[in-house]
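Single-structure report; data block below.
All chains are identified by letter, namely A, B, C, D and E, in their written order; residue positions are counted from 1 within each chain.
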Amino acid sequence: MDLIKENLLTILILLPTVGAIAAIAYKAVTKDDSSQRWFALIITTLNFLISLLMFTRGVPAVGGFEFEQNVPWIPAIHTNYHVGVDGLSFWLVLLTTFIMPLSVLCAWTAVEKKKTAFFAFLLLLESAMLGVFVTLDLLVFYLFFEASLIPMFFLIGVWGGKNRIYAAVKFFIFTAVGSLLMLVAIISLYYIYAGAVQGSGSFDFVEILAAMQSGKLVLGSQAGMLLFLAFALSFAIKVPIFPVHTWLPDAHTEAPTAGSVILAAILLKMGTYGLMRFNFAFFPDQARETAWIFITLAVIGIIYGALVAMVQPDWKRLIAYTSVAHMGFVVLGMFSFTELGMQGAVYQMLNHGVSTGALFILVGFAYERRHTREISEYGGLANVMPNYAAIFIITTMSSIGLPFLNGFVGEFLIMVGMFKSNILNVTASTNWNYVAAMAAGIGVILAAVYLLWLVQRVFFGKVTNSENKKLTDLNAREIGLMIPLLIAMVVMGVYPKPFLERTDRAIKTIEARVMKSAGGAVEKTELDTKALENR
Amino acid sequence: MVSTALFFLFAGFAIMCAISMVYHKNPLYSAISLVGVFLSLACIYLTLAAPFIAIVQILVYAGAIMVLVVFVIMLLNLDDEPNTSRLKYLYALGGGLGIVLLAQTLFVVYAVSRTPNQAIDPNVTVGNTIDIGRAMYTDYLLPVEIVGVMLLMAIVGSVVLARRLSQPQLELVIDKEEERISEEINS
Amino acid sequence: MEETLKLIFPYVVVLIGVLLAFQGVLMIVAYTVLGERKVLGWIQGRVGPNRVGPWGVLQPFADLLKFILKEDIVPNESSKVIYYLAPFIALTCALMPIVVYPFGPTITTIDWSFLPYGIAEGVHTLRLVIAQIDVGVLFVLSITSVGVYGIMLAGWSSNSKYSLMGGLRSSAQMISYELAMGASVIGVVMLAGSLDLTRIVQAQMGSPWYMRWFIIPQFIGFVVFLISAFAETNRVPFDLPEAETELVAGFHTEYSALKFALFFMAEYVNMFTVSMMATVLFLGGWYVPGLSHLFDVGSVPYALISIGAFVGKVIFFLFLYIWIRGTLPRFRFDQLMNFGWKFLLPLGLLNLIGTIIVVFFLNR
Amino acid sequence: MEPNLATYLGLSGILFTIGCVGVVFKRNALGMFMCIELMLNAVNLTFVAFSRYYADVHGQLFVFMVMSVAAAEAAVGLGIFIAFFRNRQSIDVDTASILKN
Amino acid sequence: MSNFLLAQLTTPNADVTLILPEIVVALAGIVVMLYDSFFPKQKAVSGAIGMLGILISAVLLVLMWGTSYSGGAWSGMIAHDNLRLSFGLVFLMIAAMTILASTLWVDIEGVPTGEFHALLLFATFGMMMMAAGNDLVVIFLGLETSSIATYVMAGLRKGDLRSNESALKYFVLGSFASAFLLYGMALVYGATGTTNIPLIAASVGAAKFPALLLIGSAMMIVGFGFKVALAPFHVWTPDVYEGAPAPITGFMAAGPKAAAFSSFLRVFVLGFPLVAGAQAAGILHETWISLLAVLGIITILFGNVAAILQNNIKRMLAYSSIAHAGYATVGFVGAGLAKTAAERNEAIAAVAFYLFVYAITNLGAFAIVSLLGQRNDRRADFEDYNGIGFKAPLLSFSLSVFMLSLLGMPLTAGFIGKVLVFRPALESGNVLLVALVVVAVIGSAISAYYYLRLLVVMFFRERAVDWTPPKVPSALQTAIAAAVVAVLYFGLFSDGLIRRFSNAAPKAADVRAER
C-alpha cells in the first residue's frame, strides 16, 4: 500500500497506458475484438479506486504539493519528471478518474467498429489527461498537454459522425497552434530563469515560481506580456474562450459519445487549469492587466454561447454551445481574482464536468437508438422513455443551476465573487464588475431558456414521429452509469464544503500571488470568511 | 612585357571562347569553344608560374573531360538547341544573376587592388612538380586518398548507369508501356 | 647593332635548330611512308614503288605533288569551320610533342668563333632539345590526348555515318589506351624520379647499360607501352577507326587532297613521336653505352653519334610498326576494348604496383 | 599594365559570371554541364592566382583536387545524360518536366 | 637505382587510427564491390557486408569518443570533436537504415545490388569526411564524393524516365551549387591564405582581404544552401525527391543534407566565429548570422506552405524536408551565437540530434512509402493511402508515429529535437532569432495540416477498392521497427544521446601543426 501511495500519481498515469498496450496485445494474440471494453472498464475503475487513495493525505500546505515525485528525466536539458497534487489539481484528477469509467460504459455498445483501438485510445487519453493535471515541470506538462490531442484526434476522426474529418483536423490544428507558442514561451522561461539565477535553467514550476517570489527573477513588462500571451493563447483555445471557440461545437458534435463526454468533462478543464496554475502564478501582473479582456470575452462567451445554443437544430451541438457558456463562467470567476470567484470557478469546472458530461451521455443514448441528432426528429420522448426523461430533466436542472443541485453553487460563487471583485474598477462612476456579474446572470437565465425549451421540444407533447414509438427505455447499464453522476450532482449541490475545503488553500495561494504582487493586501470579505467557516 | 602581352592575349581569348560557348546553340561548337578556354587558361597558369597545373589542366580538362563530352555529343548526335520560347523569367534570372556576379567581380577587383600589393618575388615558384608532389604526399595525403575513393566510386557509378537494363528493369519499362497504352485506349 | 645581334643570336640558333629538327622529322616521316611500302612489298614478295627516282626515293615528293594538285572536295552538309579545323588540329598535336624530346646530349664545346663580330661570345653550350620542361612526360601525354580532337571532329564534321563511326571508335580507343599508356609510363617515371625527359635519359646512363635501360626493369611496362602506342596511333592491329573494309577509311572518308595529306602526315608523325617516346623512356634515348670512352662527353662528334643512335633506335621502332602491319590481322572492336580494359590496363597497373613496392624497398 | 592579382581575379570573375549565366541560358543539360565546368575553371584560376600571391603550394593542390572531382563528375554526369537520352531521345532540360504537378 | 624522389619525402603524420571509422566504411564499400563482381547473385550478402562495415565503424566511432590524437595528424585535415563524432553516427545510422529499407526495392526492381550498396557506402564515407574535415579541401572532396554517389543512386531506376530526370536535375544543380561553394572557398582562401578551418578562424580578424571574406562566405552560403535546400536554393528538391526511388529519396533527404549541415556548421560556426567588435570578423559574423536567420524564415514558411499543396507523398515529404532544413537552421544559428565553447557544443549537439531524429523518422517513412508504393513508386499519392489504417495496422501505426515525430508531437523524438534546436536560438535573445523561432513554431503548426492529412487519409477514410496489405520482408520489418522504437525511445529517454553528442571530445587535431 505504501508503495502505491509513494508512487500514486505515476501509477495513475501509467496504469491506463499499460492497460492500452495490454488490450492491443490481447487483440494481436487472440484476434478477439470484443472483450477490450472489459479491459478498459477494469483499468479505469481501478484507476478511480486508486485515485481515491489521495484522500489519505490531508490538504497540502500553502504552496505545497502532496504525493510529490521528482526524478530527472532528461538531465541534459534539466527537465525533470516532477509530479504532485495540490487542492487545485486534486479534484480535477478525481474528476478524470471518475468520468473515465463512465465514458467507457457509455461506449459499451455504441462503438461498433475497431473496438480495441477505441478503448486503447480512451485509456491513452486518460494517461495524458492525468499527466496534464499532475505534472509540475513545464516541459513535461507541455508534453502531456499535446499528447492528449492525439487520442482525441483519433476518437473524433475514426469513430465520429459524418463531418468527423473536418472536425478532427480543426480540433487538432487549433489546439496545436496555440500550444506551440507556449513551447516557445516555456523555453524562453528556461533561459530567463537561467539568466536570473546565474546557473543552469529549469523547467520546474516550483523552482521558477520560487525564484519569482523571492524576487530573483523579475520579468520585464514586455517580455512578461509576451510570455503571458503565449501561455494564455494556448489555454484560451483549449477552454475555449470566445473568439477561438469555433473548434468546439464541431468537435463535440462529431465526436462519439464517449469522446464528447471526455472532451467536455475533462479536456476543456486543461485550459482553465493551465490559466490558473501557470498564467496566474507566473505572470500575476499581466493577468491583472489583461483581466478586463478576459472578463469581456468571458461575458461575450456566456451570452453568445447561450444565444447560439438557442437556435441550434442539432441536439448535441446545442449542448456543445452550453459548454462555451459554462466555460465562460469559469473564466469569469477566475479573473475576478477574489477567493470566492476563484473557488467558484474551480467548483464550476467540476460541475461542468459532471453535468455536461451527463448531458452528452444522455444525448448519446438517444443517438444510439435513433441515429439522429435533429431535435425536430424527436418529441414526446417522455411518453416512451420515462426514466430517460426524468434523468435528463434532473441533469438539465443541474446544468441550469437550480438550487440544491451542483450548478447553483458554482455559478453563485462566481457571481458573488465578481460582484466583490475590484478588478474592473477603472473609473469610479461605473462599477464594471457589477455589469459583468449581471451579464453573467443574464447568461444563467438564457441557459434556463434554451435548456428548458430543449426539454420541452424533445420530451413533451405527443409522439409525432412514428419511429420514436418503438424506442425502448434505458437499460440497467445505462441507468447504472447515470446514477453516480446524479449522486454527484446532488451531493455537490447540497454539501459543497468538502470540495471547497480542499481547494481553499491552493486558491488562496494563487489569489495571494496575484493580488499581493499588485501591492494590495489580500481582500477579505464577510462572505468569504463565512464560506471558510463552513469547513 | 612579353608576359603582359601574353596574359592579355590569352585572357581575351579565354573570354571570347567562353562567350562563344554560351552563345553557340550547337553543343559541339560550345565544346570546342570550351576547349579553347581550357587551353588559354593553361597558358595563363604558365604565366602564374604553375607549369604542373597548366599541363594537368590540358591533360584532364581538354584531354579527358572534354573528349568525353565531345564523345557523348557525337554518340547522341545532338542537334542544335531548339529555339522554342524559353520561359522568359529564366532570361531575367540569368541576366540578374550575371549582373550580380559581375558587380561582385568588380567589387573583388576593387577591394584587391585597393589593398597594397606585396611584390611577388618572381623567383619564388611553388608550382614545380617536386613541390606539388611533396605537398601532395605529405600535407595533402588525406585528400589524395579521398580522391582515390571518389574516382573508384565514379567508375562504379558510371558503369552502373551505362550498363544495359536488367531483366526486372526491362519488365518495368514494358509494364509501364502497357499501362500507358491501356490508358490511351481507355481515353 | 652588335648588341642587338648578340641579343638575338641565341634565339636565332634555337630557331634554326627547331627548323632543322622539324625538317628532319618531316623527312624521316616522308621516308617512313616509302619505307613502309617497300618493307610491306618485301614481306608480301612484291617490289614496292620503284619508278620515281632511283629505287623510288623521290616517291614521297611525287605523292606530295599529287596531294597538292588534287581537287579539294568539301561535303555539302559538313560543318565547314570544323571540317577545315580538324586536320590542322591533328597535325599540330602530332608535331607538338617533338619539342620536348632530347635527341642528343648537350654540346658543351661548341665553337662559334667563325661568326663575325663575336656575336656568340662565351656561348659554348647547345642543348639538343628544343624545350626542356619540368613536366615533359605529362606534356607529351596531354598533347597526345588533345590530338584525338582532330580525329573526332573530322568524323563529326564530315556528316557521314562512316566518318562518325570512325571518329567515335577512334576516340573511344584512344581514351581507353591512354590509361594503359599512362600506367606504363609512371613506372619509368618512378625509377627515374622525374617527369623531365632529359632527366629520364640521364637516369638511364652509366653502367651497366643493360641494367640501366628501363626496358630491363620495366619490361612489362615496355610491352604495355608499345601495345598502347600502337593503339594510340591507330595502327594495325588497332586500326579500327580507319578500317577500309568496315568503315571505308573511317574518319577521313570525306577528306581529300591536301587535307587528307595532313591527316596522313599526322599519323606518321604520331608514329614517329611515339617511337621517340619509347626510345627515350625505355632504350636510353640517345645514349650509346661506352661512347664516352671514345669521345669526350659534350663534344660535337659525341653528339653526332648520339643523334645517330637516337635516330637508329627510333627507326627500329618504326620498322617494328611496319613489320607488325605486314604480319598481324586486325582486332574486332569489342575485342580491342576488352583487351585494353581487361588485360592491358590491369597489367599496367600490376606492373606499377610491383614497381612501387620495389622502389619502396630499394629506398629504405 | 602588368597583370597582378586583381587582374587575375577579374578574369576569373568574368569567366565565372559567363559560366553562371550560361547555366541559366543553356537549354540542354550537356551545355549546362559545360558551363559548370567553365565555372570550376574560373575557380581554379582564382586558386592559382592566390597560390602565386601567397607563394603557397596548397592553392595549386586544391586545384588539382578540383580537377579530379571534375573528372569524376564528368564520368558520372555523362552516364546520367546517356541514360536520360536513351529514354527521352533528348537532353533538353525543358522537356524534363514530367515531375511537376 | 635512383632514389631521387623518395629521399626528399618527409614522412607525413598519417595516423590511420584517427580516420579508422571512415576507412572501414570505404573498405566495406570496396569489399562489397569486389564480392559482388565475383558472386553477383548473392544479394543479401552484400547488404550484410555493408551492415557489418557500418557496425564496426560505429563501434569505432563510439570508442573514439574520449580519445585524443596528436594535433598534426593528417596535417590537421581531420577534426576530432563532437561535431564529427556525433554526425558520423548519424550518417552511419542513415546508411544502415537505407540498406535495410531498400531490400524490397532492390528485389522488385532489379537494381544492381552490389553496386548500389557500394555506392551507398562510398557516399557514407564522403559524408563522414564532410563531418570530419577540418580543411576546406576535405570538406569539398567529401561533399563531392557523397554527391556523386547520390547522383548515381537517384538515377538507379534506369528504365524510368522520372528517375533519369531526377538524376539529371540533381546532377546539374548539384554541380552548379558545388561551383558556387568552391568559389566561396577560393575567395576565403584568398582572403586568409589558408584552407584550414582553425587557421581561418584565427586569421579572419586580420584577414588580408576582408572584402573577399564577405563575398566568399556569401558564396558558400549559396553553395551549402543548395545542398541543404534552404529556401531560395531549394528549387531542385521536389522534383529530385519525387523522381528518385523512394529508399533513395529517404537517403537523400536525410544523408547528404545532414552532411552538408555538418560542414556548414564547421565552416561557419567554427571558421567564422563570434568575435566581439566591428572588425572584419565581427561584421562577417553578424552578416552570416542574420543572412541565415532570414533564409531560415523563408525556408520554413515556404517549405510548409508548399507542402500543404502536394498530393504526392514523396513530394510532400520533399517539401517537408525543406522545412526541416529550416528548423535545423534555427539550431545552427543558435550555435553561431553561442558565447562559450560548452554552449556551442550543446547547440551543435542539438542540430546533430535534430538531424539524427529527422533522419530516422524520414527514412522510416520512406521505407513505408516505398513498400506501399510498389514498383516504380506508382502508389505514392494521398488517395492511395485511403483507409489502409486498420487494414495494415502496424504499418500505418508506424507511419503515424513518423508523421507525428516530424510534426514534433511530444513523446516522439521529433519533439525533443525541436526543443533542442529552439533552445540555443532563444537563449541568445537576439530579436531576429526569436522571430525565427516564432516562425519555426508557426511553421510547425502549419505542418500539422499536411502531416495529419496522411493520418486522416489512412484512418478516417474508407477504402473504396479492395486492398490487401503487402508482405513486409524481414529486413524492412527490422528497419521500420527499429525506427519506431528509436523515435519513441528517444522521445522518452534522449538524455544519454544528447549528452554524448554534446560532450566535447578532447581537442586534438584542431590546429594544423605547422606549414
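Going forward, a residue touches a chain if its C-beta (ideal position, glycine included) is under 8 Å from a C-beta of that chain, and two chains touch if they have at least 3 such contacts.
On a predicted model such as this, the values are computed, not experimentally measured, just so you know.
Listed by label, the chains touching chain B and chain D alike are E. Least step count on the touch graph, chain A to chain B: 2. Of all chains displayed, E has the C-alpha centre closest to the centre of the whole protein C-alpha set.
When C-beta pairs in contact are tallied for every pair of chains, the largest tally goes to B-D. In terms of the distance between Cα centroids, chain C is separated most widely from A. If you average the CA atoms of chain A and of chain E, the two centres end up 43 Å from each other. Here the CA centre of chain C is 33 Å from the CA centre of chain D.
Chain B and chain E, compared by their mean Cα positions, are separated by 27 Å.
Remark: chain D and chain E have CA centroids separated by 25 Å (rounded to whole angstrom).
Shared interface positions of chain C, defined as residues touching 2 or more other chains, are 194. Counting partners per residue, chain E has 5, 137, 141, 144, 148, 151-152, 155, 158-160, 187 as the residues that reach two or more other chains.
Multi-chain contact residues of chain B (touching two or more other chains): 52, 56, 64, 68, 73, 75, 104, 108, 112, 139-140, 143, 147, 150, 153-154, 157-158, 160-161.
Note for the complex: chain E touches chain D at residues 136-137, 140-141, 144, 148, 151-152, 155, 158-162, 164-169, 171-172, 175-176, 178-179, 182-183, 185-187, 189-190, 193-195, 238-239, 242-243, 310-312, 315, 515. Across the complex, chain E is touched by residues 72-77, 114, 117, 139, 142-147, 149-150, 153-154, 157-158, 164-165, 168-169, 172-173, 176-177, 180-181, 183-184, 187-188, 190-191, 194 of chain A. Chain B makes touch with chain D in their complex at residues 3-4, 7-8, 11, 14-15, 18-19, 21-22, 27, 30-31, 34, 37-38, 41, 44-45, 47-50, 52-53, 56-57, 60-61, 64-65, 68-69, 72-73, 75-76, 78, 81-82, 84, 86, 90-91, 93-95, 97-98, 101-102, 104-106, 108-109, 112-113, 117-118, 120-121, 124, 126-127, 131-132, 135-136, 139-140, 143, 147, 150-151, 153-155, 157-158, 160-162.
Chain contact summary for the complex, chain E toward chain A: residues 389-390, 393, 404, 408-411, 415-416, 418-420, 422-423, 426-427, 429, 434, 437-438, 441-442, 444-445, 448-449, 452-453, 455-456, 459-461, 493-495, 498-499, 502.
The part of chain E that touches chain B in the complex is made up of residues 5, 8-10, 12, 14, 19, 26, 29-30, 33, 74-75, 77-78, 108-112, 115-116, 118-119, 122-123, 125-126, 129, 135, 137-138, 141-142, 144-145, 148-149, 151-152, 155-160, 187, 208-212, 215, 375-376.
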